[in-house]
Amino acid sequence: MSEHTYDYVILGNSTAAIAAMEAIREKDAQGSMAIVSDQMAHCYCSPLITYVLCGKVPEERLNYRPRDVYRQLQVTTYLGRAATRLDPAAHTVTLADGVELRYGKLLLATGGTPIVPDLPGVDLQGVFTFTRYEDMARVREFINSHKVRQAVVVGAGMIGVKVAEAFATLGLETTVVELRDRVLALALDETGSEMAEQALEDHRVRVITSSAVTSLGGSNGLVQSVTLDSGSRLPAQVVVMAVGVRPNIKLAQQAGLGVNRGVLVDDHLRTSDPYIYAAGDVAEAYDPLTGEPRPLAIWPAAYLQGEIAGRNMAGTDVTYEGSIAMNSIQVCGLPTISVGLVEPPGRAEVLEYRSADGKSYRRMFLVNDRIVGAVFVGDVDRAGIITGLIRSQMDVSSFKEKLIQRDLGLLSLPKQYRKHIVMGPGIEV
Amino acid sequence: MPLTTVHPQFIIKRDMDLCIQCGVCTRQCSYDAQKIDPEDGRVSSDPRTCVGCQRCVTLCPTGALVVTERELHGRSHPNWSLQVQRAIHRQAESGGMLLTGMGTDKNYRIYWDNLVLNASQVTNPSIDPLREPMELRTFLGAKPERVEFDDEGNPVSQAGPLLTLDTPIMFSAMSYGSISFNACYSLARAAKNAGTYFNTGEGGLHRDLYEYADHAIVQVASGRFGVTPQYLDAAAAVEIKIGQGAKPGIGGHLPGEKVSAEISATRMIPEGSDAISPAPHHDIYSIEDLKQLIYALKEATNYSKPVSVKIAAVNYVVPIAVGAVRAGADIVAMDGTRGGSGATPTVIRDNVGIPIEFALAAVDSRLRQEGIRHQASLVVAGGFRNSADIAKAIALGADAVYIGTSALIALGCHMCQSCYTGKCTWGICTQDPYLTKRLNPEIGTRSLTNLLRAWSLEIKEMLGGMGMNSIDSLRGNREMLRGIGLTTEELEILEVAPVGR
Amino acid sequence: MRIDASGLHYRQLNQQIKAAVAEGETEFELVNVCGHRYLGSGIDQPVNIRVEGIPGNDLGAFMSGPRIRCSGNAQDGIGNTMDDGLVVIPGHAGDVMGYSMRGGCIYVRGNAGYRIGIHMKSYLDKEPVVIIGGRVRDFCGEYLAGGKLIVLGLDQPAGEPLVGKYCATGMHGGTMYVRGEVDPALLRPGVSATEIGDDDRQVLRDLLAPYCAEFSLPLDEIVGGLFVRITPHTARPYGQLYAY
Amino acid sequence: MDMHRLPPFKIHAACGTLGILDRTRAAVPAEDIVRGMANMRERGNGLGAGYVGYGIYPEHADDYCLHMMGLDDGARERLRSYLQTVCNIRHDEPIQTRPTPTIHDEPILWRWFVQPREDKLAGRDPEDYLVNVVMTINRDVEGCYIASSGKNMGIFKGVGYPEPIAEYYRLEEYNAHCWIAHTRFPTNTGGWWGGAHPFGLLQWSIVHNGELSSYGVNKRYVASFGYECTLFTDSEVISYMLDLLCRRHRLTIEQAALAMAPPEWEEVDRVTDPARKRMLTIMRQTYPGALLNGPFAVIAGHDGGMVGLSDRLKLRPLVAAEKGARGYIASEEAAIWAAGGQPEKSWPVVAGQPVRFDLYEAKEAAA
Amino acid sequence: MKRVYAKEEVCIGCRLCEIYCIFQHSGHHTLVKAFLDQENLPEPAVRVEEDGAMSFALQCRHCDDAPCVAACIAGAMTRDPHTGAIKHDEERCVGCWSCVMVCPFGAIRMDNEKGKVGSKCDLCEGKGIPACVAHCPNEALIYE
């Protein structure tokens, strides 16, 4: 059993891991560092796999960082080998092949695992999840090697919608089945969902909501159909299960770290063990809007957490102020953005705008004159200004009427705030 | 626009090969002479409202524009010139007094151009100002006639409170209200940089300028705007404004629409209300009243700062100036007929007052004759265009000069003479926040500081040429002047010999 | 502190007062005052100054705080550009009183001369108040830009006008109250004289209460009289003079 | 005395003035008026002061008394020669003076008590004749200037503050029932003793505070009646104007005031009484050249009393007061207090309306 | 790192910054030619926001903690390790608008037709003073 010692060991190879890696290197040019991932792939843009699937993005552009990034940053990689055991007392982590790495500081950035519901027929060939490059590669291979005309995507969340769009782009007769009464229910409000659903349908994606899949049928071990609780049967030669992702907390549990749904971290993204940090989808960090810890499986938050965790690991004291939920999804050419809450809490004031042609929609929720959530559909230009206001929890009472206007600009904001962000060094608003 | 007999004064030429339709000219024009045609979205010009300010020409990124004076067309007549006819047409249409801005554009003789300065040759050496110290330091205020000493040999005489200038050039009175805050701010900061003074005019001292108050001469004019004990306390000197070269005997009037919140706070009058400066101070109807006000101000400031009296140069400038000195003025500022203004009835500007050259020569001579020249300093104003004018003024007897128009030109003014419209496209003579931003006080300060530096260097160069290393040796040294092309009588008044003698 | 002004130049007298104010003195009694100018100028403390005799010109000029009470008449230029404080004159006052005054009060028990309250102005919480017990002469309230100018017309022969000619010329702010009739011919165009309402009467009561207390006058009787209020039509009286 | 430093234009000056009249002809001590003038030191600058006293020459009460300022003894003798050709000289003597520290450059001061020569009068009005004599002397007799020319009165003036001038002229030795005094604030050096105030012509004497914007037209107006302004001062032209209006045109003082300080046309337009309206109209139409425009406040003395008049806008201060038989007119009330203590009654002079203090006997005589 | 700052107090709304930004990125050698070639006129990366008297020019702030870099799912937004400038690789951009969602300045403009970020300030790629700054007539843009 060989043993290697690193100042920093990062488990995971996606955005949180890469951000941490870069942040550590920025602060500590000398410290030794290793990255461990159960995937073989070079770090890549996982949200782009649906784009690759339908050919919109060539595969060579999938890499998130240049090919030589590990060499440049002097990071040893252990790819294709999952970490199987973590021993906080011994400061060691054991990989699937038995290699034991001794670490100074360790980052858990192992992400999440797609949930596969326990349904009859989920083991059939042609039934996939879709969160990793390998998933995409398998689906692509399967479609190419089988006569696939029809596809069913179970779950109309972000992944489900993007997969359905990709299938439809590839020419498959595609249906999305969603348990809830609307698509993108966590990312959009009702109107937004309606508009997104319309966009899907315009793209020839059939959308079935308020329906549960009860079983999958097949022959010769290949999936052939999906049966809904309504009794109807949808023919499908390929099925993607996209009903959600859960944090990979097994390793943390085994190591005795504090966990809830995700690995619990403090405001420095430290776990209950001072030498172990967690970031990204695996972590359960503070949500400034709700004031509660909760896992937030979004890309920008993962990056930010990774970066902050990395800096803290390298000895800089950086506080994580929390991330708010936000999603930007292009649904079949229809831009949609949501930030913060997508449904108004009880005492919220709601501002709403919809253009005459119905193509543009904005809605905001205010509590105590502070924006707590916003939904943009169609025209999302400069939505980031609102994001800034949500993050800063700025009192917007003096310019409330301008918020939902299309020409909202920095000019609409109070001078002090504007000066601060225009003149100030960056975005700490 | 209804039919008007008043013809356009300018021609706007646009080179269509160069115009890129960027619209910069339309955004710069506050007179609606450059507009976007709402029909085709293209840029179009209207010469009828153009004032010739050259803003669009300056900002056009491709040099596509030329704005030139349009020759007035029509049957000319030696008496009824086309300009005269134009003025009559304007008045026939409006029924009002014609207003104008800046100093007179009438072709009065500029006597500075008929005076030449001396230089050393052979008999005494000229001085190289690059190598030797050249002193421009000037003190304004009352000085003792002689120094008396006590038994121990310590001087018992004292000079009155004095202003100390590093260069004999100050910024003339221009009020906040007549010019924009940014213009005032630039003047204040440049005065501080250059070791000289700016003058608040009668508009009060903006709270943000109190920082520069030790370089401020604050005016007490007939409207007494913003005159408070704090204002008087803060200043370096107090100036009683009696008259102005561009409008002797005329009061001032800042229309209510220019009295913005900031101006209201500075002048301490309600927003939107007219700011009227009566023609006279109603507490000064005679010379002893002037004395009463001079001493009221000295009393109010505990005799701690010089009091200046600013008068326009008029027929009786000599007895008036001498009287002001006798009344206790520490500085007498005289503004000649070419002096500027933001708004003046044209008829007054062009027809009242005398050139500063004569006023200065006569007053300096009279004060010396009467033995009271030391009791006050003379500051002159009214159209100083360059350092040579200033050097000549000092040689005629001035202690220092006030520059107004040349400072405004340094700030970007292009002499369109439309200050009174409040639409100054250069952001100087306007209170419209859209326009005032155009004068970046950083740039303004730099430009004015540069101008003072450049002129000071030139004055040193001229001094050196005359073999002097101190401005003291030029002040009142009319030997350094010769007149050219002047009548005997003019030479006599100026007490200057003709060239060749 | 009692100062005998006889033999003192105004400058010496004022210096003594200022020096004492700097030492913390707050009560002054000046006796044998005869033509001493600028009393109260350059003092920014609310000191009390009692003047026995006849004060000189520019009484309270540029003053900001002192309360000056005279014994009889006073001369020209009272309260010139005054910022704050009080001047009380039991006798008559000369010309050009309250010129460009911005704050404080001047109470005259008797008549006042020409050009009273020219260009008085108010700003924010500063509002000058000039109250004349008797009558005023020509040009009263000229260019008035703010403040209250009150003429009570007490002890006047019947039929005598209470204000002179050219009253309120160029007035563009503030209010004049005259207790009695005002011949419209004496007013300049651009102002109107109207009978007062209850609001005005309350304003007058508030302003006159300290005045009446100062001179032991019957407040109710004075406030109850016929009053005319003079106000400008516009804050822009000279809009039509120029060709733009 | 330098006679050649007169500017070709008028002299700008302003002033303090005070007049005291005892209506019973009781003597007013000179100290009173000097104290009053000293109180107004701020109103002058030491470049000119003067006094006029009425009733000071009882022994020569019926003779015209010419106060001469002369360049030298030669000038005096030139004047004597000239006077002998036009007048009978009843008596002449030096004006008594005493050396006073701040007074210098004094002229030769002489007084002549004269009567017009009957042979030269040839039926002409003797006063017109005397005016002509004075004008001729001032214009033609080199080095001579007549400072006053009335009966039983005299003008004492020079370069200095009022107190030393009084000291110099030994004023305390005169018994005058009326003193009028002036302190001057000229804007240029008053090297010229004759330029000080009061200015007088026959019985009239004038002290003046202010500056006439209309001086140029007033000067030319009186000139058309033979008065030649040689001093370029407002007071000079006002004294000629009073002589012209009151003596030659026989206007009352009130009527003369209407000519010099008339009500504005706007006010005339409002007058309802047709007779008064006609009077005001014809006065303004006839006397535009007599309108004294610009600030002035005048105290005028004459043989019947004392008058104060200010311009029609009251641009210069003037206060009147009474104490017993005494009447006072002054630029500042404080000067009256300083001269005679607290008056029984004091009041500001009203614009354009003369304030008169008449001798009681003159009043009776008029009645 | 050096950035472009806008001083709204002295921005005069002339939009010369936009014009020179367009010229700079047009590939033409003269301004006039750049604008004659209307079809290939690039979008300006600096925009003047204006409302009455208020105006200022705004372009990418090149933030230290650039949220657009964090949010970019395609690796199109990166920080230049040498200059610190935030660069946008149009080839990699997939038009997900995550950058638009997080940029608090709204400084990233969308090109909906192309489905990519339309323009983003590149600080004139280190070619000295950015064109917008160099041509601002009132020093309302400073580069420091």
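Letters are used for the chains, namely A, B, C, D and E, taken in the order the chains are written, and counting of residues starts over at 1 for each.
Convention: a residue touches a chain if its C-beta (ideal position, glycine included) is under 8 Å from a C-beta of that chain, and two chains touch if they have at least 3 such contacts.
Being a predicted model, the structure only gives us computed values, none of them experimental.
Novice: Starting at chain C, what is the smallest number of hops through touching chains needed to reach chain E?
Specialist: The fewest steps needed to get from chain C to chain E is 2.
Novice: Please give the intersection of the contact partners of chain A with those of chain D.
Specialist: none
Novice: Quick one: point me to the chain whose Cα centre is farthest from that of chain B.
Specialist: A
Novice: Most remote chain relative to chain E, going by C-alpha centroids?
Specialist: So the farthest one, by centre of C-alpha atoms, is D.
Novice: Using the mean of all protein Cα atoms as the middle point, what chain has its own Cα mean nearest that point?
Specialist: Measuring from the global C-alpha mean, the nearest chain centre belongs to B.
Novice: Based only on mean CA positions, could you tell me how far chain B sits from chain E in angstrom?
Specialist: Centre-to-centre distance between chain B and chain E: 44 Å.
Novice: For chain A versus chain E, what separation do you get between their C-alpha means, in angstrom?
Specialist: 28
Novice: Based only on mean CA positions, could you tell me how far chain A sits from chain C in angstrom?
Specialist: Once rounded, the distance between the two centres reads 78 Å.
Novice: Calculate how many whole Å lie between the centre of chain B and the centre of chain C, each centre taken as the average of the chain's C-alpha atoms.
Specialist: About 37 Å, centre to centre.
Novice: Touching at least two other chains at once: which residues of chain C meet that condition?
Specialist: Counting only residues that touch two or more other chains, chain C contributes 37, 57, 76.
Novice: Could you list which residues of chain B touch at least two other chains?
Specialist: Touching at least two other chains: 292, 295.
Novice: At least two other chains touched by the same residue of chain A: list those residues.
Specialist: Nothing qualifies.
Novice: What are all the chain pairs that meet the touch criterion?
Specialist: A-E, B-C, B-D, B-E, C-D
Novice: Mind pulling up the chain E residues that touch chain A in the complex?
Specialist: 3, 5-8, 49-51, 54-56, 58, 61, 63-67, 69-71, 73-75, 91-92, 94-106, 108-110, 112, 115
Novice: If we count contacts the way the header does, which residues on chain B are in touch with chain E in the complex?
Specialist: Residues in contact with chain E: 17-18, 20-24, 27-28, 58-59, 61-62, 182, 427, 432-434, 437-443.
Novice: Hey, which residues of chain C end up touching chain B in the complex?
Specialist: Residues 11, 14, 18, 37-38, 41-42, 44, 57-58, 61-62, 64, 76-77, 80-81, 83, 96, 99-100, 102, 115, 118-119, 121-124, 126, 142-143, 145-146, 170, 172-173, 235-244 of chain C touch chain B in their complex.
Novice: Spell out the residues on chain E that touch chain B in their complex, using ranges where they run on.
Specialist: Counting only chain E, the residues touching chain B are 7, 9-16, 19-20, 31-32, 35-36, 52-55, 135, 137-140.
Novice: For a test of understanding, state which residues of chain C touch chain D in their complex under the given definition.
Specialist: Touching chain D from chain C are residues 10, 34-35, 37, 53-57, 72-73, 75-76, 92, 94-95, 111, 113-114, 137-139, 165, 185.
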